[in-house]
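Chain lettering (A, B, C, D, E and F) follows the sequence in which the chains are written, and residue indices restart at 1 in each chain.
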Amino acid sequence: MMQTLRYVVFRDLLLAMRRRADVATTLFFFVIVASLFPLGVGPDPKLLRVMAPGILWVGALLASMLSLGRLFAEDYADGSLEQLVLAPEPLTLVVIGKVVAHWLVSGLPLVLISPVIALQFDLPREAMVTLLLALLLGTPLLSLIGAIGAALTVGVRGGGVLISLLVLPLYVPVLIFGAGAVDASAMGMEAGGHLSILGALLLLGMVLAPWATAAALRISLE
Amino acid sequence: MMQTLRYVVFRDLLLAMRRRADVATTLFFFVIVASLFPLGVGPDPKLLRVMAPGILWVGALLASMLSLGRLFAEDYADGSLEQLVLAPEPLTLVVIGKVVAHWLVSGLPLVLISPVIALQFDLPREAMVTLLLALLLGTPLLSLIGAIGAALTVGVRGGGVLISLLVLPLYVPVLIFGAGAVDASAMGMEAGGHLSILGALLLLGMVLAPWATAAALRISLE
Amino acid sequence: MKLNWFKYAAPATFYPLAGKLIPWFALAAAGLTVAGLYLSFFVAPTDFQQGESYRIIFIHVPAAWMSMFIYIVMAGWAAAGLIFNTRLSSMMASALAPTGALFTFIALWTGALWGKPTWGAWWVWDARLTSELILLFLYMGFMALHAAIDDPRRADRASAVLALVGVVNVPIIYFSVKWWNTLHQGASVSMTMAPKMAATMLLGMLVMALACWMYSIAAALARVRCIILEREQQAEWIANLGEPA
Amino acid sequence: MIWKSLDDFIAMGGYGFYVWGSYLVTAALIGAEILMLRARRRTVEKARQVQKILSEQTKHETTT
Amino acid sequence: MLEVIDLGCLRGERRLFGGVSFKLMPGGLIWVQGSNGSGKTTLLRTLCGLTQAMAGTVHWRGEPIQRLGEDYRRELTYIGHANGLKEDFSALENLRIAAQLAGQSISREAGVEALQGSGLAGREHLPVKFLSQGQRRRVALARLRLAHPRTLWLLDEPFNALDTRAVADMQHIMENHLAQGGMIALTTHQDVDIQAADTRTLRLDA
Amino acid sequence: MLEVIDLGCLRGERRLFGGVSFKLMPGGLIWVQGSNGSGKTTLLRTLCGLTQAMAGTVHWRGEPIQRLGEDYRRELTYIGHANGLKEDFSALENLRIAAQLAGQSISREAGVEALQGSGLAGREHLPVKFLSQGQRRRVALARLRLAHPRTLWLLDEPFNALDTRAVADMQHIMENHLAQGGMIALTTHQDVDIQAADTRTLRLDA
């Protein structure tokens, strides 16, 4: 069982390594989106500092969402999703493996680069730590939620855009508590409450999402 | 010649109609990005008014970029891009047709809905008119520039994310002049200068982009 | 089968030539760096406004210059490769990109380190800074696209199109960012230096810039030699090259 | 001489962190580039060597 | 052992097939025939549980396959119209990963051997995206050459895009499998003559 | 009229084929043969100008095809491995749009007729995503049934996934085309016997 999980994670990571550009690109996308906002809003540092948590979280949301296409759509198109479903292991396990790989490729790098971007926006040090923690709790949640959307839109042509419609509303709580935590911390307040809600959501997601994703996949493949 | 152009536009529009969800989704994405911000940043109306032009334009940029995948990637995957390239007409023409269709599906709706969102952010009336004009000039430019990126990444696996890396930096001038126009107008200044630069850029884009896109497509199909 | 061997001829003759040139450029780079560093740290006087922090200028400005020059040169090679279908030109373009990106990063890094003591912030959204950042994105896009396409010939031509589109855009981006920045109330600080730059400072900067030039040429030549070897493994002349040194 | 002592030189009038941070990172990056070029060169040479041996082998096989 | 009882399937408002019943015993081959669109692919997908049947049931060793779940999947290899290959992986990686996920982990050497047997010698390490249509099909089919094959093979147009030599090779492999007590359900429009203890044909559009 | 002179092609570091020369006159059929991966698809793509040759040239009516550009493409129909169908369009829409883009606009009735001739009666309005593999191939091939067909047909494995009746039908169509002075370059692994005034075969892996 654990072995299948390992194989799935390994497979998806290897795939990501083959297109090494991909990992870097998700990261760059995040950086670019974060840089676009100041270009749109203007260079006033005070204003930017206020907007920073929102910008960073929206960037993380979008980066995570953009890479959802890779989760099942390609496997569906080339027929390997069928083979995954036919693997002699519970589908939930396969799903967990894929979500873990997705997070490692498109979530973790964001967490790691976020301090640099926080510097660009001149966030105070405590806010930076909170940001790191919040992203660490929030990005896996994004991958989990995203997987449900990705599974539902498998095989639906033009699913790439449809996915955003399904997934973004579900992302909203993550955004609110994530940005809220950083915001609070930037204003010198306690961010623990927000963070523990994020943690609770993550637990909930870990229990429910793989199961929902597996069900969605079965339906999509019919 | 004109006929081929018409057929290409018709084809892509029909395709979009078949997945009516798609058009709605680009729109929705725009609306959601614009609404996420107040959630991430907090409800201070003054702050929101200052941020509004930037947010709206970044939203438009991202929405336009997200739908670039549809431009050539699917046609490549199912083999119809080959058939388009083999059509007995200049490829530039086909490209123009596809860009027009892309704009009609993913640019025009944004222009039309933007006043509603501007209302949400409490923009003054003149700024709203400027926003409409700026988007009317800017969104075709986004489609034109985006087409180059889409053509370059055709057939490149993981192209969905790569495209953003290629295209977003090139979008910067559109963003700056677009948001600048609205900003100026919101502060009661003349926005004509920005708008005429946008117009000039659009002309430049109309001349150069289809040609570059056609060249890129040929290279990608090799 | 008759192949168009003349297309391959250029790399074949260029390869040994580059090999001979590299040591000279490397030597020049090393010498000029020593001279430049001496000028920067031991000859140039302390700036009365910024104190010693201004000494970052001797690396910052040359790096910033290089980042822009290299992009233009790279696009030129790429264009030549696209138009004349010469393999060597495209190889030169892809050999220049990493060095260009490196200097862009150095300009950003040193600028950030300079900004902290002078402006009190690592980063401000100033026109120059922002356009330099976007230049880095353009380099990254070029390299990512090149890496993402497996067939080297196709990769060359696709990234050449991108480089050309970028070259049209770089001035537009530069001016748009500049205008964007001045229309707003503006950042609280601007990049004005001490009134008159001392002659020694200017000299130091120029020598360092020259050193960067030499280094870039040497690095690009060394890289292009690797690329030639990688891509033309099959060609007969490579087999006849003899033992590697 | 501008500098009174080595310590003074390293301190850079209180800006040591920034000045040396710039120069050392630059040096490190350029050094890294040089090393990466070396490594790339070495792998290419090795591949060439293998290729050569292989082609000589096949030549041998076809002649015998 | 595989028993299909009164299977029926609707698609859209169209009845594709109905009342399909057969039994497949060890060593048995069933050749599903029918013109294009008659429902062969749909039938095979139903047999492996990817598609739900509208009527009837599929039993494996006497139990409905839904109830068996993984235990059924552990005894089955399905190769569909799509090859299920990752374009960025080499042929060898594709084969090994497919085998691992199917619970049939194999060594590198075993993988190379299976690929060479499929006529892909020298291309084991080439990314699949560079392979020709027929070579891809061969990579997908190389799974059938592994040691300890699964009992039940469901093959949807396995000979598609293969050249004549490869077809003959595959035919041989199938015969071997059947001789060792395996079972095969097959669709193909090509005329092949596979020797089996118990061959039957099922025409869907009769 | 189609003259191929000393065509050669490299892929990666591998020489696929070289020194390929032949002439195709009106009424002529060339059957490109070769095992999987021998370069048949690559050759056909080179013939229609999608891939650049490494060596040699392709002439049409005495001029290199690069120079002719659109004038060459106006006389050619290429059907590749991929069907080039949009899954969301119905068979009829796909056929009509493909024809329009190829400059062969047809009426609705003509489209329906071509589809019915291909054995898709009753499925003209079904989105292609619901069609079976063979039915999709039939939709793609229905372009060859239109009135005023293009002179030169380049067909890459046209019989793939088709059932025997459909193969026979296609064969008939090709014979008609050749009898009327058309030209065909064809690859297929199946044994077919097309009657033509001037049939030749080209083996790539000889």
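Basically, a residue touches a chain if its C-beta (ideal position, glycine included) is under 8 Å from a C-beta of that chain, and two chains touch if they have at least 3 such contacts.
The model shown is predicted, which means the values in this text are computed figures rather than measured ones.
Q: Of the other chains, whose C-alpha centre is the longest way from the centre of chain C?
A: Ranked by distance of C-alpha centres from chain C, the top chain is E.
Q: Does A-E or A-C have more contacting C-beta pairs?
A: Most C-beta pairs in contact, of the two: A-E.
Q: If I average the CA coordinates per chain, which chain comes out farthest from chain F?
A: Centre of mass proxy via C-alpha means gives D as farthest from chain F.
Q: Can you compute the centre-to-centre distance for chain A and chain B, using the mean CA position of each chain? Integer Å is fine.
A: Chain A and chain B have C-alpha centres separated by 25 Å.
Q: Roughly how far is chain C from chain D, going centre to centre by Cα mean, in whole Å?
A: Averaging C-alpha atoms per chain gives centres 17 Å apart.
Q: Go ahead and note the Å separation of the Cα centroids belonging to chain B and chain E.
A: 45
Q: Hey, how far is the Cα centre of chain E from the one of chain F, in Å?
A: Computed from C-alpha means, the inter-chain centre distance equals 30 Å.
Q: Among the residues of chain A, which are close enough to touch at least two other chains?
A: 19, 21, 25, 28, 32, 39, 42, 157
Q: Find every residue in chain C that makes contact with two or more other chains and list them.
A: Residues 134, 137, 140, 144, 148, 177, 180, 184, 233 of chain C touch two or more partner chains.
Q: Touching two or more other chains, which residues of chain E qualify?
A: Each of 81, 87-88, 127, 129-130 in chain E touches at least two other chains.
Q: Help me check something: in the complex, which residues belonging to chain C touch chain A?
A: 121-126, 130, 133-134, 137, 140, 144, 147-148, 177, 180-181, 184-188
Q: Would you mind writing out the residues of chain B in touch with chain C in their complex?
A: Chain B reaches chain C through residues 148, 152-153, 156-159, 162, 165-166, 168-170, 172-173, 176-177, 180, 183-184, 197, 201, 208, 212, 215-216, 219-220, 222.
Q: Using the touch definition from the top, list the residues of chain A that touch chain C in their complex.
A: That would be residues 19-21, 24-25, 28, 31-32, 35, 38-39, 42-45, 48, 119-122 of chain A.
Q: Could you list, by residue number, the parts of chain C that touch chain B in their complex?
A: It comes out as residues 134, 137-138, 140-141, 144-145, 148-149, 151, 153-154, 157-158, 161-162, 164-166, 168-169, 172-173, 176-177, 179-180, 183-184.
Q: Using the touch definition from the top, list the residues of chain C that touch chain D in their complex.
A: Touch list, chain C to chain D: 41-42, 45-46, 51-53, 55-56, 59-60, 63, 98-99, 102, 105-106, 109-110, 113-114, 116-117, 215, 219, 222-223, 225-226, 229-230, 233, 238-239, 241, 244.
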